[in-house]
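Presented sequentially are two complexes of chain A, the first with chain B as partner and the second with chain C.
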Partner chain A sequence: MTAAIKRYGVGILAIAVTFVVFVVPLLFMALIAVKDRREANRLEFSWPTNFSFVENFQEVLSARKFMLVTAFINSTILTVVSVAILVILAAMVAWVLQRRRSRWNPLINFLILAGLIIPPAVIPTIWVLQGLGLFKTLTGLIFIEVAFGISFCILLFRAFISSIPKELDEAAVIDGCGPIRLFFRVVFPLLKSVIVTVIVVQSVSIFNTFQNPLYFLPGDANATVQLTLFNFQSQFTTAYNLLFMNILLITIPPLVMYLFFNRQIVAGMTAGAVKG
Partner chain B sequence: MTTNTTTAPTRAARRTDPAKPKRRSGQSAYPYWFYLPAALIYATLFLVPTFASFFFSFTRWNLTEFTWIGMDNFVQFFSEEALLKGLTNTFIYGVVTSVLKVVLGMLLAVLLTSQIIARGYLRSIIFFPVLLSSIGVGIVFTVLMDPSTGLINKALAVVGIDGPAWLTDPAWALMSVAFVDVWKGVGLATVIFIAGIVSIPSEYFEAAKMDGASPVKCFFNITLPLARPATATVIILSLIGGLRSFDLIWAMTKGGPGFTSDVIASVIFKQYQAGFYGLSTAGNVVLFLIVTAVIVPLSMFLNRKEVEA
Partner chain C sequence: MIFTPKRRWPAIAGSVTAAALVLTGCSAGGGGNSDAKTITWLVDNTENTITYAEKLAEDFNAANPDIRVEIETRPQGGDGDNIVKTRLATGDMADVFSYNTGSLFQQINPEQNLVPLTGEPYMDNVSDSFKPVVAAGDDVYGVPVGTGSAGAVLYNKKVFEELGLSVPKTWEEFMENSRKIKDSGTAAIIQSYQTTWTSQLFVLGDFANVAAANPTFAEDYTANKVKYATDPAAIKGFEHLEEAYKAGLFNEDFASTTYPQALEKLANGDGAQYPILSFALPELKVSYPDQLNDIGLFPLPGDDPAKNPLTIWLPGGVYLPKSTENVEEAKKFLAFIASTEGCDSQTEAVGANGPYLVEGCDLPDDVPTAVKDMLPFFDDETRNSPALEFLSPVKGPALEQITVEVGSGIRSAKDGAALYDADVTKQAKQLNLPGWN
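Let's turn to the complex of A and B:
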C-alpha cells in the first residue's frame, strides 16, 4: 500500500514539478515562435489565437538576405567535416595508444588531460591562425574544433578499444595485414558502436558551439547558426516571434539526434562515471 | 642476472644497426605515425597558443607588434575593480553551479532509480536541455526572467511572492545566470549519477534492508560512498565548465548590469573587443592558472584510492 502511494504519489509529483520547470519554458518558446508579431511581443504564456508558423518561418529564413540559410549550410559543413576528421584521427591515436606500451604514453596521456582541462588561449590562437592564413575561414574553425575536441574523443575510443581482444590483431598480422589495412579494414568496423557515440555527442556540441565562431570566424559571410541567433537577439527586439522561431529551428537538429540516439548520447556523456 | 646478460647485447646490437629498428617500427602493427595528424593539429592550434599566451601576457600587443611591459597586465588585472570582480565572480559561479548540480543531480538520480512511475519520461525531459544551445536557452530565460513582463515573476506574484529583478538587479544577476546554467546542466549530472548508482550491486541494498536500515541510512552508507566515482566526475566536469563558462553569461547579461556579473571569460572577450590583446591574454593565463590550481589537486583528492571504510 505505502509502496503504491510512493510509486504513484512521488511519480505524479515529479511529473508536475518537471512539467513546470522543464516543459513550460520549452513550450513557451515554441508557442511564441508560432504567434503573430503583435501577440508574440506581449510575451504571454497562452495558446496562439492566430497561428503564423509558415509566415514566421519564411520571414526568419529570408531575414538579412537569407542569412539563416547561409548559417545552416555553414554549420552543417562545420559539423560534418570536423566530426569526420575527429573520428578518424582520434581512433588512430587511441588505437596505438591503447595497444602499444611505450615511454611516450605518459606524455600523451598528460596532453589528453591537458586538452580536457585547459581553457584555450584565444588571442594567441587567432595569432597562429593568422600566421597560417586560416583566420576567419571555415577551414580554420574546423581545425579549431578538431584540436579542442580530440581529447574527449580519444578517451571514448581508448576505453572501447581495450575491450577488443588483442588476438584479433595478431591473427590479422599473421595473415599478412599491414598496419593501415589492419586498422581501417579490421579494427575500424569493430568500433562502429563507439563511432556512433562519438559522432552524436560531438556533432551536438559542435553544432551548438558559440564561443569559437565568435572569436575565430566573425563576419556575416561566414555566419554559423549560434552566432546568427546571437546577432538576431539585438536585431529582433521587437519581433519575438522571429527570434523564437530561430531558436526553435536550431533546436530541431539536436532534438532529432536525441530522439534517434538517446542511448548513445547518454552513454557517451556518462563514460568514465563508473570507472572514475 | 641472466636477463641482464641476454638483453644487454641485443640492445647494443640495435643501437649499432640503425636500419634495423627503423624497419621494425615500420613493421609494427601499431605505427607511431598514427599519432602524427592529430598531434600536428593539436600542437599547432592548442599547445603553441597556450605556450605563446604565457609570453604575450607580459606584453602590450596588437597581433603584429608587441612591447614587453613585464607584470603590468597582471598588476592591472588584480588592481582594477572591474577585472577583479570577474575573478571573484568566476569562483562564485563555478562553486554555486557545481554544488547545485551535485546536490540536485544526486537527488534526481536517487528518485529516478527508485520505483516510481514515468521514469523514462522524467529522465528524458531532465536530460534534454543539456543538448540545447546556450544562446537559445539564454534568450528564452532572459524573457522569462524579465522583472515585470516575465513569466517567472508573474507566477511568483500569483502565490504572493514579490520576485527579484533577476538579471537587472546587480545583487541577483550572477545568481540568475547560475540558476539557468543549473537548469541546463543538471540533466548531465543526473545521468552520470544514475550510471553510478546502477553499477552498485543490489545485494548491498537487500542486505541493508534485511538488517532494517532506513532509506536515508541506505543513502548515506551505501549509495553515497559507492557512487563516489560518479560524484567525482560530476564535481570535476561541472567545475571545469563553470570556471570557463562564457556562452550563457554573454547571451543573458553580457557581464552587466555594469560589470557585476562579469566572469574571467567575459572579461577576456571584452578586452579583446577593446583591442587590449596583451591584457586579454593575461586574463587567459589567469584563467588557466585558476582552472589548473582548482582542478588538478581536487581531482587527485577525489580519485585517490579509497582505503578507509
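Let's turn to the complex of A and C:
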C-alpha cells in the first residue's frame, strides 16, 4: 500500500502541481484572448460566451500598421544573431582563459565578474552608442545584448571546459592542428551540452528583454515583440482581450522551440548542471 | 538546427550569423520620399491618443503635402517619464513630443531642453487657462492636445431616475442620496482599490472645494505654509472618504474590484456613483457604447451649495525640443494642432471627451451626456479650479496607498492626512523648494 502511494502519489502530485502552475495560467490566457472586450475586462476564468478569436487575431496583427509583424522579424534577428555571437565568442574567450594561464588572467576574470556585478546605466550607454554611430540600430542593440549576456556565458563555458582533458588538445596539436581548427573541430563539438544550455537561457532572456529595446532602440520601426504589449495596455484604457491575444502570439515561438528541442534542452540542462 | 552531424556545427553557426547580419543591414535602412520631409511625433500609447494622433498626422499631411508626420509611441507612467527624460538628456528626442502639463512638465527642465513658443502667432489661439501649466520662467513652451477632463463623480442617471434623486450640491445631500441608493439594494459608491490610483479621487477631486474656501491654498502649500492635516478645508477630502467607508456605502468587493470592473458596474447600474477621472469616458465609449449616455457627471460636492466647483485636469501639451533639426516643419505642425482644424480632426477621430483649450473650437452636438454636464463648469472660471498637481509641484508618491488605507478603514482620516504631509515633505526636499528645509 505504502509502496503504491509512493509510486503513484508522488507522480500524481507532480502532475497536479504542474497543472496548477503552468497549464492554468496558459488556459486563462487563451480563454481571455478569445473573449470580446467587455467580457475580457472582467478577467474571469470562465468559458467565453462570445468567441471572437478571428476579430482579436486580426486586430492584434494589424494594430499600428502591422507592428507585430515587424516586431517578430526584429526579435528573431536580435535573438538569433545575439545568441550566435554569444555562443561562439564566449566559448572562445572561455577556452583561452582556461587553457592559457597568464598574468592578465586575474584582471580579465575581474572584468568578467564586474559584468555580472555592476548594473548597467542607461544614459552613459546611449552616449557610447551615439559615439559609435550605433544608437537606434539593431546592430547596436545586438551588441548590448551580447555585452549583458557574455559574463554569464563565459563562466558557464569555463567551468565546462575545465572538465575536458588537456591531452585532447595536445593530441590534436601533435597531429598538426592549428588553433582555429583545434577550436572549431575539437573543442567546440565537445561543448554541445553546455552550448544548448547557453542557447536556451540566452534566447529566452533576449527574446523577453523589455527595458533594453525600450531605451536603446526607440521608434516604431524598431519595435520588438515585448514592446508591442504596450499597444493594448495603458493607464486608463486596457483592451485585455487584445493584450492576451498578443501575449499568446508571442508565447508561441518559444513554446514551439521547446516542443521541438525538448530532449536536447533537458539533456543540455542536466549536463550543464552536473559538470558546470 | 540538428545536432547529430558534428562537423556541420561551425558551418551552420557561421552561416546563420552571416545571414542575420545581412538582414540587419537591410532593416536598418528605410524607404522615404525625397521630396516630403518627415517629422516624428512621440505620443503616449493610449488607444485614444494614438487614434487622434494618427488622424492629426493624416489631416496635417493633407494640408501640407510636403511634410509627413510619423507617430512614435511610449508607455505611460514611470517608464514613460524615464523615456522622455532619457531622450531629452541624450539629444535624441522626436521632432515634437506630447507630455504632461503641470508638475511633470516642470521636471523635464523646460528652460534647458525646449524651444520657447511665446511669440508664435498660433499661441494667440491657446486658451489663457492653459498657458500657466506649460510656462517656465517668462516663456510658454507648449500647445494643448486632447481635451480637458474632470476629476468628478460619474453617476448612472437611470438609477437616479428610478429613485427620484437629484444631483447633490453639498456633501450632506450626497450622503443622503447614497443612503437611499444603498437601501434600494444598489451599491451607492463604487470604489476599486485593486487599481490603486482610482482611490485618490476623493482627495484630488475635492481640490476645487479647497481652492474655493482658500484661494491661495496652492501657493501656500508650495511654500510649506499650509498642510493637509491642519487645513480645515483640505482635510475634508480624507474625512469624506472615511465617512463614506464608515457608512458602508461602498460596493461590497471594493478591495478587490479593478478599474474596468468598476466601470462595468457603473454602466450596468450595479453601482450608482463612481468618483473617477473623466478619462474613463473613452473606455466607457468603447466597451459600453449603448450605456454611455446613461452616465452623467457632477463635481465632488463640498459644503457650499452656491459654489459647488469642478476640479479640472488640463490636457497634455505638445512641445518642441531644442534637439530637433526640423524646427520650421515642427512649428507648422504645432500651429495645426492649435487651430480649429486641429480640434475638428481630433473630434472626428475619437469624439470629444471634454472641452478643447483652443479658442474657437466648438464641440459637436452629440457629445456624451457626461461631457455636456462638464461644459458649464469649464465656461465659467469661478466654477472650476485646476487640480493641485497643475498649480503646485508638490505631490507625494504615496497618496494612492494612503487613500486605500483610509478608504478601507485601516487608518483614520487624520492619520492619513498627516502621513501624506510627511510623504510630500520628502518630495519637496528633493525638488529643493524654498521653505521646506
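Quick note on the criterion: the second predicted complex is superposed on the first by the 222 of 276 C-alpha atoms of A that agree within 3 Å, B and C clash if a C-alpha of one lies under 4 Å from a C-alpha of the other, contacts with A are read in each partner's own complex, and residues count from 1 in each chain.
Note that in this section a contact is a pair of C-beta atoms (placed from the backbone, for glycine too) under 8 Å apart; a residue touches a chain by one contact, two chains touch by 3 or more.
Every value quoted in this text rests on a predicted model; they were computed, and no experiment measured them.
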Next item on the list: Would you check which partner chain A:Asn208 touches, where first means chain B only, second means chain C only, and both and neither mean what they say?
Entry: first
Check: Regarding the shared-chain residue A:Ile150, is it in contact with chain B (first), chain C (second), both, or neither?
Finding: first
Notebook entry, point to check: If you stack the two complexes on chain A, which partner ends up touching A:Ile123: first (chain B), second (chain C), both, or neither?
Noted result: both
Checklist line | Partner, of chain C and chain B, that touches more residues belonging to chain A | finding: B
Next item on the list: Could you say whether A:Gln226 touches chain B, chain C, both of them, or neither, answering first, second, both or neither?
Entry: first
Check: In the superposed arrangement, which partner chain does A:Ala33 touch: chain B (first), chain C (second), both, or neither?
Finding: neither
Note to self: Tell me the contact category for A:Val173 with respect to chain B and chain C: first, second, both or neither.
What the structure shows: first
Next item on the list: Name the contact category of A:Ala90: first (chain B only), second (chain C only), both, or neither.
Entry: first
Notebook entry, point to check: Given the touch rule stated above, what does A:Tyr240 touch, chain B (first), chain C (second), both, or neither?
Noted result: both
Checklist line | Partner chain in contact with A:Leu138 - chain B first, chain C second, else both or neither | finding: second
Next item on the list: Across the two complexes, find the residues of chain A that touch chain B and also touch chain C.
Entry: 43, 122-123, 126-127, 130, 214-215, 230, 233, 240
Checklist line | In the complex with chain B, residue positions of chain A that touch it | finding: 3, 6-8, 10-12, 14-15, 18, 21-26, 28-29, 32, 43, 45, 89-90, 92-93, 95-97, 99-100, 104, 108, 111, 115-130, 132, 143-144, 146-148, 150, 154, 169, 172-173, 177, 179, 182-183, 204, 207-208, 210-211, 214-215, 225-226, 229-230, 233, 240, 243-244, 247, 250-251, 254-255, 257-258, 262, 265-266, 269-270, 272-276
Next item on the list: Report the residues of chain B in contact with chain A in the complex, numbered from low to high.
Entry: 28-32, 34-35, 37-39, 41-42, 44-50, 52-53, 56, 61, 63, 111, 114-118, 121-122, 124-136, 139-141, 143-144, 146, 149-151, 183, 188, 191-196, 199, 228-230, 232-234, 240, 243-244, 246-247, 250-251, 265, 268-269, 272, 277, 280-281, 284-285, 287-288, 291-292, 295-296, 303
Next item on the list: Spell out the residues on chain A that touch chain C in their complex, using ranges where they run on.
Entry: 37-38, 41-43, 64, 73-74, 77, 80-81, 84-85, 87-88, 122-123, 126-127, 130, 135-139, 142, 184-185, 188-189, 192, 196, 214-215, 218-221, 230-240, 264
Next item on the list: Mind listing the chain C positions that touch chain A in their complex?
Entry: 3, 6-7, 9-10, 13, 16-17, 20-21, 23-24, 27-28, 30, 40, 44-48, 50, 70-77, 79, 82-83, 86-87, 89-90, 92, 197, 258, 260-261, 263-264, 277, 279-280, 282-283, 286-288
